[in-house]
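For clarity, chains are labelled A, B, C and D in written order, and residue numbers in each chain start from 1.
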C-alpha cells in the first residue's frame, strides 16, 4: 500500500497558538503541527510540510490570502492533495481565493481550530485528523473539513456565534 | 444544515477497554464510547447508539459475527450510514460477513483501536473521528477507517506485525 | 483514619484561567478548582471551599490582599490548615500580609501556577497537590508550596525570569 | 537556593507499567519514570536515579525486599533523602524491612500507584509529586506518601478494598 503524497501548508491561526508563561497570552510563535502529526498514526498519507507563514488570520493581508491560494494551487499539481492549516476568522477568504484560481488539480482541504492544541480540551487534533482523511477521499475541489463536517467552496462562511463553518449563511 | 442520522453500533474491543484497579487488567466492562463522543464536535452527524455487545473480538462466535452483520445491514436501510466499533482481531471477519449480505443501503464503516481510549497515548479518538467523517463522504459499501486510511471490503486483512489493516495481504 | 479538615480559599490567578473561544484569550471566569480536586485522590484532607474572589493578582488592590490575609487567619483558627490559590504575581504580597497578622493558628500554604490548568502542559495540578500535602505536614506558619519546593514567609519573592519563587532575592 | 540531592530508587509496580499493543496487556517493561520526572517542575530536589529492578511487587522474593531495604538504607546515608517507587501490593513489606535495619540517616519515602501513568486517569503523577515533596519536609524515618497522605512505618498496611494505605488495619 503506497501512501498518497500530500502537502501540508501551515499559515498559523488558533490551532497552532502556544502559551507564553511570562506574558500569560496565547500567540503564534512556534508551530505545534509537528507534535500533532507525531501523535497520529498516518498510514494513508506521506506529509510534505510547507511552513508558509505563522499568523493569526485576522492579521492577514490581501497579499497573504493570494500567496496562500497560489501556493496551494501550485502544490495541488505536484501532490495527491493539499491540506491547509489556517486561522478560522479568515479561512473562508483564502478558500474563496483558491476557487477564483479555477478547479485545482487535486483536493485542497482547509482546516483550523476554535481552541488551540495546547489546551487540554481542544478541537485541533479532531480537525487535523479529519482534513488528513478527507483529502484522500474527496474529488478535486476546495473544502473545509472541521467539526465532523466537510463543506465545499465557494459559499462557505464562518458562523461566529456557533463557532463553526456553514454552507450559505451570511 | 441538517445532520445526517447515522447508527453507531458498539461491539466492544480494545477501543472500549477500561482498567480495573483491583485486578490490574484492561477489560471490556463499561463502554467509554459516550465519553469519546462527548469530547468531539459533531456537526455532521446525529448519532443513534446501538450497544449490541461488549466483547473482545477474539471471544466472538460465528453467531456474533452474523448478528453484527445483520444488524448493520438492517440499520443501513434506516440511516444515512452506519459506524461499527469492533475489536481489530476479528474486525475483518465481520466486514466480510456484511459483504456476504449484499451491497448495503448506505455506507457501513468499521473501526477499532490498537490502544484503548483509557491510555494517555491512544489511537481510539483518531479512528472514531475518521469513521464518523468517512461515513458521510463515502458511497454505499463496507469499509474500515483507521490510522488515516480507508479500505474497502472485501479483501481487507489485519497486518498483525504492523498493527493495522491492509488491502490484500494474507 | 479521620481526614484533616482544611479550608481552600480561591482568589483566581493563572491556575484557574479558562479559555474563551470567541475572544481567544485566557481569563478568570470560571473556577476550575473543582475539576482539579475531583481528579486527585484526597485521603488526607477534607476540603471546605471558600471562593473569595476570582482575580488576576495584578488586578488586586491593597484591600484585596488584606481581605485575603484576614480570611486566611480567621479560617486557620477553625481548621487544621488553610490552602490559598493565588495569582503568582502578587502572591508574595498576600503572604507577607498574613505574616503581619501574627503567627497563624495552623499552617497556611499559598500556591498558584505559571501555566493554567486548562493547558495540556501545566504546573497547576503539581502545585495544588503539593500544597494539599504540605498543609498536613508543616507546623503552623505561612508558606508557598510550588514547583517541588516549600518556602516560608516572610522573605519570599517571585523570581520573574525563572518563573518561580525564591527565598531572599529582590 | 541549592537543591537537596535525593536518590530515586525504582523497583517497578503498577506506576511504571506500559501497554503492549501486540499482547494487549499492561506489564513492567520500560521505565516511564523519566517521562514523569520531565513533566514536573523540580526546584527542590536534584534526583539521582537508581533503577534497582522492574518487577510487579507480587513477584518479589524475600531477597528482593531485603535488597531494596539495604539499598535504601545505604543511599539514605549519602543523600538528603530517598524516594522508592514500588508496587503497592508488597510496598508495606519493603517498608517494614527498611525499619528492621534501624532508623535511616535521612527520610525514606515509598510511593506507588493504583493506576499506571500510561492511563489517561492515573494517580501516578500525584503520588510521585507527593513523595518528592514529602522527602524534603519530613524528619528521618520511613514513610509511604500517596493519595494525599503520609503514613509512617512500621504499622502501615494496604487496604485492598479501598485501594490505598492505612495505619493499623489488618
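Operating definition for what follows: a contact is a pair of C-beta atoms (placed from the backbone, for glycine too) under 8 Å apart; a residue touches a chain by one contact, two chains touch by 3 or more.
What you see is a predicted model, and the numbers here were worked out from it, not measured in a lab.
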- Note on the structure: Ordered by label, the neighbours common to chain A and chain C are none
- Task: Indicate the whole-number Å distance between the mean C-alpha point of chain B and the mean C-alpha point of chain C.
- Result: 45
- Quick one: report the Å distance separating chain C from chain D, using the average Cα coordinate of each chain. 27
- Multi-partner residues of chain B (at least 2 other chains): 121
- Linking chains that touch, what shape results: line, ring, star, complete or other? ring
- In the complex, go through chain C and note every residue touching chain D. 1, 39-45, 121, 123, 125-126, 129-130, 132-134, 136-138, 145-150, 164, 166-167
- Query: Once bound in the complex, which stretches of chain D touch chain B?
  - Reply: 14, 19, 21-22, 24-26, 114-122, 160, 163
